[in-house]
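What follows is a set of structures for review.
One chain, chain A, appears in both complexes that follow, with chain B as partner in the first and chain C in the second.
And then the complex of A and B:
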């Protein structure tokens, strides 16, 4: 990558970051809503930790994984809405009239979301530990956790980008949010697969990619280092990225058809 | 490909845009714009103005025909064209969360202006468009006129030879409009920038443009200097408001007898207009005829030919409001079609 391209991407990333910071309505719910859900679940389902075969030392340490995953959903909504606004206001056309490459456009837009994801990860970890969750893998585990959080928001951010380029309006992108929430709930979010009594629910949860991400996150909190769980979690994030990167580029090509 | 220097800044031959399952938005237009000229592209909503601008700025591939901008073919040398042009498209394309100065920083960086020059260039343009005091405020708090001025400044950061302005004053108050006209004139006269300006405002084309192309339903129906176009019409127009609005049709029937050609036009504000055969001298006859039919007149105005009269003469319709309710706005339609990559 040459100096000019680096400058272009870093300036677009700076804009993405500034824009994210200046939208409290985007940042505050992305932090508070997952923590609110975390608090309710941790308090209300605490007794679940007493079930035979429950793998975590306590329910708090089990459910702390959920906010990290929810950050991905907020990445879809936040990034998608920002990009959709750029399309609606014509800002995307302004960018298309500069020598900025398509790759630069996508990667630059992602910066604010990734930065927010890192911030979310640090806050969730701090709140979780303060509330009494344990992180068995220690500081190295915290670093891996943040890296995994980046992988999650990047992957899900690409879904938001694809939707924004495809639909071109914020309402359509926001419409994805509840759909993705269904995926979240049909996973091992609340209970391990073994303890889910409904066969259909257990079957879905066992094969839901979100469950693999939960397994990776949870492996850092209890049970010691688990290379397989981490590889599967990063693998799912990578697979989502690999599927949605070409879809995002294809949608971008259809949206910006400059000669 | 075609990098040879051309006498004209913009050369268009048989340019067509056919949308998939949609209208032929641009239907074989030809035009030439000389260096330093302000070319006014006048037409109602849905006429094909924005589609033409999007094609000339490389943001929409033409279906047929050719267009060269700054000597480069838009269909094949898009990157070269974009280096040579600046564009302020419909609606000021700004980020409400960034300040004016931050917009400048981003735009100068994206255009590859050396770091040492970026701030100087940005400040210079911000000052030129009169936004120095507001440059550190977020754009979301700017007025429509301020946004348009910033939009114009952003289009100029890389010193383009050709500037495309798509309805730059739509929705602006008269003072903001005059301020923008002044800057566009200065760019053309002092900096030699070629300006391709679309508008649906007659007075804007009249006041600013060296030459005007009038477009309707994708075709150029008239082209020339505003003075020459009006001279072609010759006869003045008479606009009459009946005292009793229910007598508009009766009045129209009387006025039709004095028409120099074409039907009477019913304006939205209640008047009836007609191009008057015989000019000023026929006025007395019109008044007598209306009186004979018992039609009382609330007001009566005779005015020299305008560009609206030219449009009326060429299309049989008045430019004012002629796009309303007919088609979707040109830009809005294009927006919907572009997402499908809908090039037939």
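And then the complex of A and C:
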């Protein structure tokens, strides 16, 4: 990356960061909503840890993975909505007149969301540990967890960016949020695949990319280091990024041509 | 209600339902959300019924059907609140106020919309439930009891959301309508019977009026004796409280000129 591109991206990144920090309405729900669901599920499904073959030491340690994944969904909605606002206000059109590269424009927008993702990860980890979850892999595991959180937020943020460039309005991007919730629920979110009784649900959950991310996160909390689970989790995040980065750039090109 | 007020209420009811059924962005999420929750909870968590102490007499599909029925009814009311906010934001509400000699007819009209939306979801959900093995052991009277509790929840949620919508008269108040309903619904025995809850959720659920309603509705569908007085007392009490809240909101909207 040359100096000029670095300057361009860092300016956009700074703007993205400041914008995220200045929007408590975006930051607060991104922290509180996942924690609320975590609290509800941990207490409401506590008895499920008594099922024969349940792998985690307790349900709290099992379900703590969910807020980390939900951060990705908030990245889609938050980043997509921000970018859609840039499109609606004409900021993107003005940006398109500058010599900024398309890839630089897309990646520069991610800074605020990634920073929020790191903050979310630290808060979720602190709350989880305070509530009684165990992190068997210790401090190195915490570092890997935050790196995985960055990968998740980056990957899902790209989905939000692609949607924003494609639809051009915040309402349509927000509409993606429930759709992504489907992926969250039809996974191993609540129970391990082995304990899902319904065949159709188990088949979906086993092949759902979100389940692989859950496995990676959970491997850090109990059972010791699991290179395969971590590789799969990072691999899914990387695959989503590799698919959606070119799609985002293509959608941006199409939007710039239209305007 | 006078003939004129009835006419206003029916017109608002027809308009709201017409808009709902002709706008795919409204009808599809309203349809898919409860079905999806039902599939995710009943399908993904059915093994939870094997937890020691899980004593619900029917299967887990039936257990979750009741929760999703109550949840969908509540959200039918909340989403009708969104429609009220949109009407007042766009100025339609102000024009409707001019046309209605008794403005309470507006609330009655929106109640018809909420009821219509709830009926639509009930039919879909019940059809799906029966198709995937829901066990109905209750009598016809029991089922009427279950659906009437769902109706009371639908109207209560509408009155709550209408109170917010009429005070703010903007869709920006949407999260304020939706979030408390979401919270109170989920601080109830969602996944397991009340006795199996632990920790703070059990303490919160024990004072949550939705708990009594959900538990009674589950008793109705499974044909076991229900605490009818507690459930209906909670449901009617909440409806009365939030009806006053909505009427005060209506007065505020009138005072502000719609």
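Here are some notes:
Here is the rule we use: the second predicted complex is superposed on the first by the 257 of 259 C-alpha atoms of A that agree within 3 Å, B and C clash if a C-alpha of one lies under 4 Å from a C-alpha of the other, contacts with A are read in each partner's own complex, and residues count from 1 in each chain.
To be clear about the criterion, a residue touches a chain if its C-beta (ideal position, glycine included) is under 8 Å from a C-beta of that chain, and two chains touch if they have at least 3 such contacts.
Here the structure is a predicted model, which means the values were calculated and not measured.
If you put the two complexes together on chain A, you find that chain B and chain C both fit without a clash. By the touch criterion defined above, A:147 lies against neither chain B nor chain C after alignment on the C-alpha atoms of chain A. In the superposition on chain A, A:115 contacts neither chain B nor chain C.
In the overlay built on the shared chain, the residue A:238 is in contact with neither chain B nor chain C.
By the touch criterion stated above, A:93 is placed in contact with chain B alone, chain C being left untouched.
Contacts of A:197 after superposition: chain C is touched, whereas chain B is not reached.
By the touch criterion defined above, A:36 reaches chain C but does not reach chain B. Of the two partner chains placed by superposition, only chain C is touched by A:186; chain B is not. Between chain B and chain C the least C-alpha distance in the superposed model amounts to 17 Å. No residue of chain A contacts both chain B in one complex and chain C in the other. Across the complex, chain A meets chain C through its residues 29, 36-37, 39-40, 42-48, 50-51, 175, 178, 182, 185-186, 189-191, 195-198, 200-201, 205. Against chain A, in their complex, chain C makes its touches with residues 25, 29, 33, 36-37, 39-40, 43-48, 50-54, 175, 183, 186-187, 189-192, 196-202. Interface of chain A with chain B (complex): residues 4, 7-8, 11-12, 14-15, 18-19, 22-23, 86, 89-91, 93-100, 166-168, 253-259.
Looking at the complex, you find that chain B touches chain A at residues 57-61, 74-76, 78-79, 81-83, 85, 87, 89-95, 97-98, 102, 105-107, 109-112, 115, 138, 154, 335, 338-341, 343.
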